[in-house]
Amino acid sequence: MSNKIRLGMIGGGADSLIGVVHRIAASMMDEYALYGGAFSVDFEDTKKLAEKLDLDQNRIYPSFEEFVEGELKLPPDQRIQAVTVATPNFLHYDMSKRLIENGFHVICEKPITITATEAEELAQLVDKHEVHFCLTHTYTGYPMVREMRSLIRSGSIGKVQKVDAQYYQGWINPFIHDKEKRKQVWRLDPAKSGQSCCFGDIGVHAFNLIEYTTGLEVDKVLADLEYLYEDNPLDIDGTALLRLNNGSKGIVRASQIATAEENNIRIAVYGDKGGLKWEQENPNYLYHLAEGQPLRVIKPGYDFLSEFAQDSVKLPPGHPEGLFDAMGNIYNGMAKAIRDKSYTSGAFPNVQDGVRGMRFIEAVLESHKSEQAWVSL
Amino acid sequence: MSNKIRLGMIGGGADSLIGVVHRIAASMMDEYALYGGAFSVDFEDTKKLAEKLDLDQNRIYPSFEEFVEGELKLPPDQRIQAVTVATPNFLHYDMSKRLIENGFHVICEKPITITATEAEELAQLVDKHEVHFCLTHTYTGYPMVREMRSLIRSGSIGKVQKVDAQYYQGWINPFIHDKEKRKQVWRLDPAKSGQSCCFGDIGVHAFNLIEYTTGLEVDKVLADLEYLYEDNPLDIDGTALLRLNNGSKGIVRASQIATAEENNIRIAVYGDKGGLKWEQENPNYLYHLAEGQPLRVIKPGYDFLSEFAQDSVKLPPGHPEGLFDAMGNIYNGMAKAIRDKSYTSGAFPNVQDGVRGMRFIEAVLESHKSEQAWVSL
Amino acid sequence: MSNKIRLGMIGGGADSLIGVVHRIAASMMDEYALYGGAFSVDFEDTKKLAEKLDLDQNRIYPSFEEFVEGELKLPPDQRIQAVTVATPNFLHYDMSKRLIENGFHVICEKPITITATEAEELAQLVDKHEVHFCLTHTYTGYPMVREMRSLIRSGSIGKVQKVDAQYYQGWINPFIHDKEKRKQVWRLDPAKSGQSCCFGDIGVHAFNLIEYTTGLEVDKVLADLEYLYEDNPLDIDGTALLRLNNGSKGIVRASQIATAEENNIRIAVYGDKGGLKWEQENPNYLYHLAEGQPLRVIKPGYDFLSEFAQDSVKLPPGHPEGLFDAMGNIYNGMAKAIRDKSYTSGAFPNVQDGVRGMRFIEAVLESHKSEQAWVSL
Amino acid sequence: MSNKIRLGMIGGGADSLIGVVHRIAASMMDEYALYGGAFSVDFEDTKKLAEKLDLDQNRIYPSFEEFVEGELKLPPDQRIQAVTVATPNFLHYDMSKRLIENGFHVICEKPITITATEAEELAQLVDKHEVHFCLTHTYTGYPMVREMRSLIRSGSIGKVQKVDAQYYQGWINPFIHDKEKRKQVWRLDPAKSGQSCCFGDIGVHAFNLIEYTTGLEVDKVLADLEYLYEDNPLDIDGTALLRLNNGSKGIVRASQIATAEENNIRIAVYGDKGGLKWEQENPNYLYHLAEGQPLRVIKPGYDFLSEFAQDSVKLPPGHPEGLFDAMGNIYNGMAKAIRDKSYTSGAFPNVQDGVRGMRFIEAVLESHKSEQAWVSL
């Protein structure tokens, strides 16, 4: 009888990077055991991966439907308890819905859904069915992001008066200028990607970091998006001005044509006593600017950190942890929720974060369409 | 008979930091000799400074008017040739006008004037009287900003498709939250500071860096400004969205309440072949992001640099030069113009840069007042 | 029938950080499955961990001896194939010897043994019994260290003419100045730690990085060690001058009293065409200094990297991997060796690296005792 | 009647970088006026520079001898008071001696002399003739080096227990491997350069920084030097182990063949309470590592700095000053000494620093010749 949480996975097949990320993150803390799933539309691929992973061939399925049906036939104490949804975006909603309704906990890749309405529906179902729903906004798993959240909440920088979050990448640049090359990029295809490319994929991460670290909500946005070419249907860059619910202002800047940028997501929050800055590419450094004092560089592994940040680190100071570890922290937070039916706020991004994100994306798109009108979330 | 350009200075008296900056910059390259001026409203202070500086007491004057009159009485080959205007903002226009009309070259502190109309008038006068006018946008004097300009112009990053400039400071934070303390800050007083605090003082630097490095012009802006308190009459933070004249988009972000930030002006320009990034607080590093290649860190002192950048450096690699040296480069560029009646484009910011800046500030203010309408420059 | 390598572990029990590191590293690439072991001297602890990890209780053992005997009774296709030795230093030799002699592959924590003679004996046994032996010099698993190795070997920096490696930590400072506190530190006890503290524990890592990246061998050393107090029996700081086998010189600097340093291991190698620098605390940056050219900052995830470095990265550019991933790469290299009976040179540190390291430590100690004489390895 | 100190200069002619540095540094603080000198062996060059600089042609001289004689003929209140010696190394001693004996204050370029005996003689003469002697160890003029000195003296890092200073450059690499190219480098010619190249030119700076910041003295050294080729007579790289007079140990590492390094001088000092680190290429950052606390990054311009550091900065935080400013601080310190006949300790490096440096160089050379024996200073 296993002590680990029985995990299933939909999608994440052999060549999928996202599958690797989820498997590593799930196993890191010894909280989950992968039992099975439907990893690929091609059942032979699913079988091969199951073999490689030493999984019981009875617990893998040719399709999502058969997965749900098969697992429901098993007694509850053998049945998979939590399911990672790592399929293409347009499937997230249907699958999550079905899983929630059947009592599975869900760990869903971003974006939660294609529309805000769908996300709200999932939120209601999560409440009704008393399951946990984790949305993998990975960057919230970094210990120094968690410390930033703790510091702001404990008043270290005073009242927040300015927020600026950036997510700059360059990976679409080599494709966007050539109509043929553009077709290789599924994110530029509305059928696969949804309503938005840049803000749907990455702008929403920057938005999420703002709400996650400050505890504030964005009330309304004004957005200017960039498409570069008339026949390119989806945004690949843009800026959103924000009004936050404490009266302060902020900015989300996002780009996929910031040529040769890698994965440059960063956030700066300024309060009336000090500021905090963090950059994802050097995730183990949190910069604390305190009025009239030397800059403090906060790093993982110390007693002076908040308990929440301390619990998110496995190694002593100077031993870098990375993105898998951030995702591991999120899985770990979800595990505590599943085991205790309670959990630390912030331990993992949940269905409400998904709703907020979808509302943000839709407000941004509407603002742009209305030629930079202010749109409420 | 001196071989140096005879320099005068208005303002910049004993305790004034700006006077020190101009004097050091003027003397660095052995191109100018300070002959006299009217350094202070209190003539005793002017005398004391003149004594300290070993200046001829006949060349100092109790007032600007007397300075102009006194110098005009001297034969042209003894008369001061160029005048630094380092007085409070509201005096820049009148003094510059008077100086230009009397054939003096002018080196004017920023802002050039209080209104765009005034700046345009100065531009016409400069043309008419065939003098040179230098506006001290100091940051354009840094060698790596000049290299950035050269690289963009030579096509190193291809067609510009995204521009993002930031100028974040925190120095108003300790004053703004207390009504009494606020009164100590002359920049928050419209009578002394003009129409704008944050964009007039620093946002315009970020704007200038964009036009200076890219060679593009900003066509229109949409701005959202922050005043924090209703009884604070001037902007202390804000964001301007930009439309550039090559069709691309950009952002200027400025703040004086980014708590504990020092003088964090930085610019990122992305083209379809690569990007360039520069930060003022570490001015000797220019980051060149080239598509599919390692990041290149460009530093002063090398043969591979543009001639323009090479001419702006006095020391070999690894010997840091700073802000005085940047200002020295601008003075040096102006000296070449005065001597040759011709000069390298970009060697110093001129009256047209002043006109552009004032238009930008006014467009930003109008956009904000119109609740984030697009306003043309 | 499992497709994974059947892994056992000796030591690494419940509270042990090193056990976590090895388990995560072993599982990351889906190459190993942990089958059992003897995790603790207290069998109850071993049982508890086995339960937590869902291990078969038949495959855990109260002692190392029983582990070996028990596994040998199983048919070869069920028997554990590779064993991680994560016990205190003084046990490494005996256990490794026993394991090798019985045909197990060994993954041994550092130091390999207490003396060079013992290490040499293990090397002979590894040859004789045709097993693989991996010594976990973790830092060789970082992709940018591997790229450094590849670049040097491919001639990118020309002939090596200067090497400088540092390993500075501060963790012994809070203990060393107080005789009572000092007793809490097992590394300061020769009975547990062996002949050397600082060079045995960390100096040897710096030495290993030099030989690993350059492909050169250290011929002789001159060392000056620091003990700080007469009644402290083991070195806690020191510098070793090196003569390398291509005629060039080098330095190893190590300290555990570099107060408040975390885990600052770094290496710089200069050749007649350029230099390469790497720092462990920011492991995803490799600095390439090329004569007369801009500094190049090499990061993981690009096509221009060597195949060896590319194979050591799981994520795209800008997604940081850390220490677990470095260790995972070493486990992965070992897995390839176990499966193919052949492997890429450098894919994991082996028994010969262990011999070299022990010779280095002994030469350093002898040089210091001889008042800084040159001592050959 | 001038209020400025009347300055003369020997050497530093038209094309000389060092002349520019001294002239800018001398003028920055309005403390000195350059009156004349003998700038070049070719009197026409001296005349031309004098003309460019608007100097009185009566105060320039064809030779050093004529300079001294000419000035001595003038009444003391017109006579040049302080003389900058910026001639080739081998002339420093004779010229300084003559100047001191005739009552001139001396500002001498490094190295002070060719031998320690000569330096000691100068020290005695300085005492006897009651003049001030400034040796331009430029790096001691950086505000953050001065803050480092102040912090260590005030006990911020406790008792010093480990010191490590590095000075790595790469500029000799392009010359050293080719016998013909080597001849272009005067520093490799003992007739012009003296006994040592690398340690005489740059190693001594690292040594000086150690004694300057810590207030400790180096008692003895053990050095291993690198010449690379048998027919190269002077050291171009090396390491010196140090024993300091408080019982602690240290290292000076220097190289001119650290290929493509620019001017990488840095120092780390560790005490029993914390550490301090500084790097010349980013001179406005001082890193304070405090036991169990976040790293503090100390920058210029703040009230919390020592008075000594505050007095060495002209601009507010975030406005970088550089090498000229560091040299300006040294000139400024010397000016205070000249005016007051007293001065703050550390305000400029003096003749005793010169003696210490020469003893260090000679001890290093002797140690190397004796095959790494310990040699006392």
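Chains: A, B, C and D, in written order; residue numbering restarts at 1 for each.
Everything that follows uses one rule, which is that a residue touches a chain if its C-beta (ideal position, glycine included) is under 8 Å from a C-beta of that chain, and two chains touch if they have at least 3 such contacts.
Just so it is clear, the model here is predicted, and its values are computed rather than measured.
Colleague: Counting only C-alpha atoms to place each centre, which chain is farthest from chain D?
Modeller: Centroid comparison gives A as the farthest chain from chain D.
Colleague: Which pair wins on C-beta contacts, B-D or C-D?
Modeller: Between B-D and C-D, the larger count of C-beta pairs in contact belongs to C-D.
Colleague: Please tell me the distance, in whole Å, between the geometric centres of chain A and chain D computed from their C-alpha atoms.
Modeller: Here the centre of chain D sits 55 Å away from the centre of chain A.
Colleague: At what distance in angstrom does the C-alpha mean of chain D lie from that of chain B?
Modeller: Taking the mean C-alpha position of each chain, the two centres sit 35 Å apart.
Colleague: Give, as an integer number of Å, the spacing between the C-alpha centres of chain D and chain C.
Modeller: 43
Colleague: Please list all residues of chain A that touch 2 or more other chains.
Modeller: In chain A, the residues touching two or more other chains are 261, 292-293, 295, 299.
Colleague: Could you pull out which chain C residues touch chain A in their complex?
Modeller: 2-4, 17, 20-21, 23-24, 27-28, 30, 33, 51-54, 169, 261-264, 280-283, 299, 301, 314-325
Colleague: In the complex, go through chain D and note every residue touching chain C.
Modeller: 157, 161-162, 164, 168, 170, 173-174, 177, 222, 224, 226, 228, 237, 239, 241, 249, 251, 253, 255, 257-261, 268, 270-275, 289-293, 295, 372, 374
Colleague: If we count contacts the way the header does, which residues on chain A are in touch with chain D in the complex?
Modeller: Counting only chain A, the residues touching chain D are 288, 292-299, 302-304.
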